[in-house]
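What follows is a pair of complexes built around subunit A, which joins subunit B in one and subunit C in the other.
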Partner chain A sequence: MKKIIALLVVLMMVLAACGPGAAPAPAPAAPQAPAEGQADPAPADGGDLTFAIITKSAGNPFMERMASGFETAAAAMGINAVVQHPVDTTAEAQITVINSLVAQGVDGIAVAANDPNALESALQAARDQGITIVTLDSDTAGSSMFVNQAGVFEVAQVLVDSAYDMSGGSGQFAVLSATSVATNQNAWIAAMEEIIAGDSRYANLEWVTTVFGDDELQRSFDETQSLLINFPELRVIVAPTTVGIMAAAQVVMQQGSDVLVAGLGLPSEMVGLVGDDLPCPYMYLWNPIELGEVAAYALNAFKQGDTTGDVGQSFTAPNGNTFTVIAAAPEVGIVNAQIIVGLPFRFDGDNIAEWALVY
Partner chain B sequence: MSVGLRKILRSREFSLFLVLVVLCIVIQSRNPQFLTATVIDSILRNYSYTILMATGMLMVLLVGGIDISVGSTLALSGMTSALLMRHGVIESAFLAYMVSLGVGILCGLMVGLVITKGKVLPIIASLGFMYVFRGMTFFISGGQWVGMQHLLPEFRAFSQGAALGISNLLWITIVVYILVFIMLGWTRTGRQIYAVGSNPEAAMVSGIRSDNIKLFVYAFNGALAGISGAMFVGFYASAQNNSAMGLELDIIAACVIGGVSLKGGQGTIPGVLLGALMIAVINRSLSLTGIDPFWQQALKGAVILIAVTTNILVQRRATRLSLARREI
Partner chain C sequence: MTGQRQKRVIEHNPPRDFKSRFMRWEFLLLALFFGVVIMNANMSPNFLVAHHLFTNINTFLVRGLVALTMTYCLLMGEIDLSVGSIVVFAATTLGIVFNATGSVFLGMVTALVVGGLCGAFNGLILIKFKELHSMIVTLGTMILFRGLAERILGAEATGGMRSVTWFANLFDARIGPVPYFFIFFCALAAAFAFVMHRTTFGRHMFAIGANRTAAEYAGINVSKTRLKVFALSGLICGVSAIMFASWTGSIRSNVGEGYEIEAIAMCVLGGMSTAGGKGSLPGVLIAIFTVGLLQFGMSLMNVNPQTVRIIIGALLIIVVTMQNIRRIIGKKITQVKA
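Moving on, here comes the complex of A and B:
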């Protein structure tokens, strides 16, 4: 009898695992499997160019938007675009895709790397065939250029400006970060300090403290509540982390405080918290569509000879923006010379609902 | 002095209570805002599920076991009901809580079955399930979060609301404490839990089915982790894959501070309550003391060690005194 019960329980657990999993989990099957790409060689005939983009995985809305931006920009330049999703989120799956694209003889590949090192030899083999490689979203060794959606200075600038704007130009603000060793956050915080010190416009802003919520909800709640208690004059909390901004906005809303929350947040997590009369009037994150577009521009700039990817060069894209190649930043995982897409994208009450469907 | 009062003053719980009072005085001296209704309310609110889950862990430790999978159970059960809400399957707060409770019971039963039927060491079995349940959380959610927009407003309102000035989450915790207190002290199952942990051979000889008791205890522990999953998701208005990672350590620490023996058979509900309050106060208040964040973790460890050491010393003295009395 006991064994039967035990069996039943195990069976129920297995069913429980499969049941809800089937619905929400994005189907791992890629809309465009690598094999399909092979059937669609679109070889470059004459001046016709073909660029490919390799995403991190299928079913990721951020990656889908990035690919669509890439396709749109390529089409506008009269270039064929191929979108390739690896079968899963691994470097191995991406290597398979790279090899098949090399066999097809594409002219350029933009890849969002799933591993900082593992793609190097496959990418080198592609470059040996005359294929231009750029990375976007996540860098990897073996690329000619990294298209960076989050320039450290640009992120810090919008964060400082948020604090300036939301506080009305003067008063106290605090930073709620992730962990004290988080590379990105620390780079942004250091750049914020530089910006504030270097511009008298921010002289009336008082940066009272930086606290660490460890990207945990419980810790971030505690830290936000302590900020509200310790600094009754506080006007703005800047949280350059998606967990932190959500927790801070939740606390502010639940306590009915009039402190405002700024920072970097995921739109789908922040619906109901971002907008006029809500704790967070606006926030920022990268725009995946623009990221994909700039990657296509960069590949074309290489092909047209507008750049060789050396630091200090600049080129103007068809949309009129000029991009300047700047040095790598290995301390934040950027191993190649890079271009910065632009300022982070602003989400507010008018567009949050629409973007919440994206990511 | 009456015998009852003397008994209380000499008890481990009382020494723990004194440590807690001293801790509160120290924090109060560093930040006069500490002992205010707002802060006390936030301590009990933010840590209601930690305090709640400590009772489950108490029972597991009493039978000589341990369960380090509870943080993952919390995440899995919370994510399950959050996903079902997103897909419109669950349409009431009550149902959301019940689904999380059910998932928690199943998780606890799994752990219990592997420990009792598979004869696997509790720490290894629950270590395995810690990863299994966490992995399942990632799997069913597809690595995504469930945001506030997808959670039922009624569910959030209940989890963030209060009745009679006490938060609803704390009400759940209070009810469970009373139930477990009665069960451990005055029911057959409760006494058998102590028996199984303090002397397994004697328990077996006296006809107690220790495997059934253990299975019940793990299922109960899972149930509390499950209901905490719903509390967590409702309170923070977000279901995340990596929720409550490392929570099991806080809970075990709460029990140990509260005088629960890791060898089984020893531990009380008042002790665990004080231990859990201690953990909640430490976690919540370090950020109020104005101490450098880099020092806070070390300080937390030091306070835990001080509490446990005091507790052990007092216990040793009490044992010696009672032995001495017996010799007379």
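Moving on, here comes the complex of A and C:
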């Protein structure tokens, strides 16, 4: 008797636990498309396509915005979207998700890879089934295309222009980087050198030094302080790292220095430091929503035959932007042909408060 | 009454008692297992596709390996929290040796040796300092071994071993839809079950778990048995590391994080008592597959993994409390009878 009761309890519990969890899953897939199809009643050509996005992990606001951009863009194209946040920030958790998406037979997967190599065989198995794979945010072997939010040249251009603008066109500036071995930092710094050398507009800018704060707050504080002491004529500090820009802006503010800070920063960390009359008049970072959207456009371009992912091809997305496939850049960890989302997104006194809530 | 008491001390024997116990808990688990399978098959047409099913089973068996030795640890009233860290450390040495020598076989041997030594290190500390609880010692080595892996790897990964076809095939190769790794796991599990339930060594583990001091007085070499079990635990972590490397071909310092928690969860769901001296390996096996397939089924239905966590956590709590409720009811009945 006891046994039977216990058995019933177990079974009931399992059904209860799984029923509600499972039931809503298929539901949003279908009605979502027409609901958000809004103005255009025509995009039934999406047919029964289903695209999935796999983020790096749950609880990361950047990743969640990226996924929401992906969903919105897919819905606007009449495509079902599945969002999966792995349990851990590991390749292992992502492979488990990929395997189940393959078993479900989705049509396209966009993944922000947690490891540059570990996903390769799982993604290969997906491609063997005709599933299109693109990577975004972080690339991995086994994908057909990388959707790059930070084109090396685009980032370097906005950094140089910030220095030019904030210094008033001439004077000293210094770079506060992360570590001397960070590939993306080094690629941006090299591209900045190239841009400055290649345009006489920047002739009066004097790049006095590049220092490394190791992406640690304390190190970055110390390095900023030495910059202020060693270069009294300094006008701008360019920090293409979120830790660096925050440290530099804080030190400048505390010391009442009139040096300005430019670079790449996280809005939520930079509230109170970005704006007019603040150490950092404006800064840049990627727009995760746009990144997710472009990933959905790219998957659709593959499915519609607008691109095969070969370098030199270009396709026009439903939002009117044209993307051109450019070569891989293995030295910065981009192993697949890539498209660039666009220029980095500018945050200033007007929009920082709004974006601080996002990430 | 006396029979009841005896059973509580050494449950390995007599067979009739063992069988009745087996019938109870494992029967419930089996019902749960089939409940999960039937539910999954109903919810998703993609669940019972052999190829995909085995692809998924293969992935959770990499962790399932660790649950086999965790069963032995729990049986003896011990716990090994360092398993995940031994997996990452062994996998790291595998990658380093492979990249240094070009021989993945040498890397495999290294992973096994390193795993076994790490486990033996745990065991040695425990038998030299008998007052220390294994939870504390392995908590220390858990941090230590992962620290070593983090020191060696930094933010980088070591890998490339999947370029060696036969090594990639350890995980990939199949007979029809059935992976060799699945067959290997079943054989290994059978061996573990045999040792636990049919050999003197198994009986010793039951006895030590029930009462270590009594076992010592009964002439069982407790230290030797504990050392062996912890070394074996490390060795199996080495095997898990090899399978992980064969699976993903890339080792980072976060590999194997949470393996200890999952292994313990599977064991407890499988009916192992954390106090030692109770449980069965078949129960743990059913639990491994139940949890694994539950996760797979849910992800097929795109239930987000965080919700799956909640469900599995709740399942575990309910199952554990249910076990205790049964025990309390059982006691009351015996008291009434007496």
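Everything that follows uses one rule, which is that the second predicted complex is superposed on the first by the 313 of 359 C-alpha atoms of A that agree within 3 Å, B and C clash if a C-alpha of one lies under 4 Å from a C-alpha of the other, contacts with A are read in each partner's own complex, and residues count from 1 in each chain.
Just so it is clear, a residue touches a chain if its C-beta (ideal position, glycine included) is under 8 Å from a C-beta of that chain, and two chains touch if they have at least 3 such contacts.
A quick note: this is a predicted structure, and the numbers were derived from the prediction, not measured.
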Which of subunit B and subunit C A:300 touches, first, second, both or neither: neither
First, second, both or neither for A:338, with subunit B first and subunit C second: neither
First (subunit B), second (subunit C), both or neither touched by A:144: neither
Touching partner for A:167 - first (subunit B), second (subunit C), both, neither: neither
First (subunit B), second (subunit C), both or neither touched by A:180: first
Partner chain in contact with A:94 - subunit B first, subunit C second, else both or neither: neither
Touching partner for A:226 - first (subunit B), second (subunit C), both, neither: first
Partner chain in contact with A:135 - subunit B first, subunit C second, else both or neither: neither
Doubly contacted residues of subunit A, that is, touched by subunit B and again by subunit C: 2, 6, 9-10, 13, 17, 21, 25-26
Residues on subunit C engaged by subunit A in the complex (per definition of touch): 24, 27-28, 31-32, 35-36, 39, 43-44, 46-47, 49, 52-53, 55-56, 59, 157, 159-160, 162, 168, 172, 244, 247-250, 252, 254-255, 257-258, 294-309, 311, 314-315, 318-319, 322, 326, 329
Footprint of subunit B on subunit A - complex, ascending: 2, 6, 9-10, 12-13, 16-17, 20-21, 23-26, 59, 180, 211-212, 216-218, 221-223, 225-226, 229-230, 243, 246-247, 250, 254, 266, 268-273, 356
Subunit A residues touching subunit C - in the complex, by the definition given at the top: 2-3, 6-7, 9-11, 13-15, 17-18, 21-22, 25-26, 58, 82-93, 95-97, 99-100, 102-105, 115-121, 125
For the subunit B and subunit A complex, residues of the former touching the latter: 31, 33, 38-39, 42, 46-47, 80, 83-84, 86-87, 103, 106-107, 109-110, 113, 117, 136, 139-142, 144-145, 147-149, 160, 232, 236-238, 240, 243-245, 283-284, 287-288, 290, 293-294
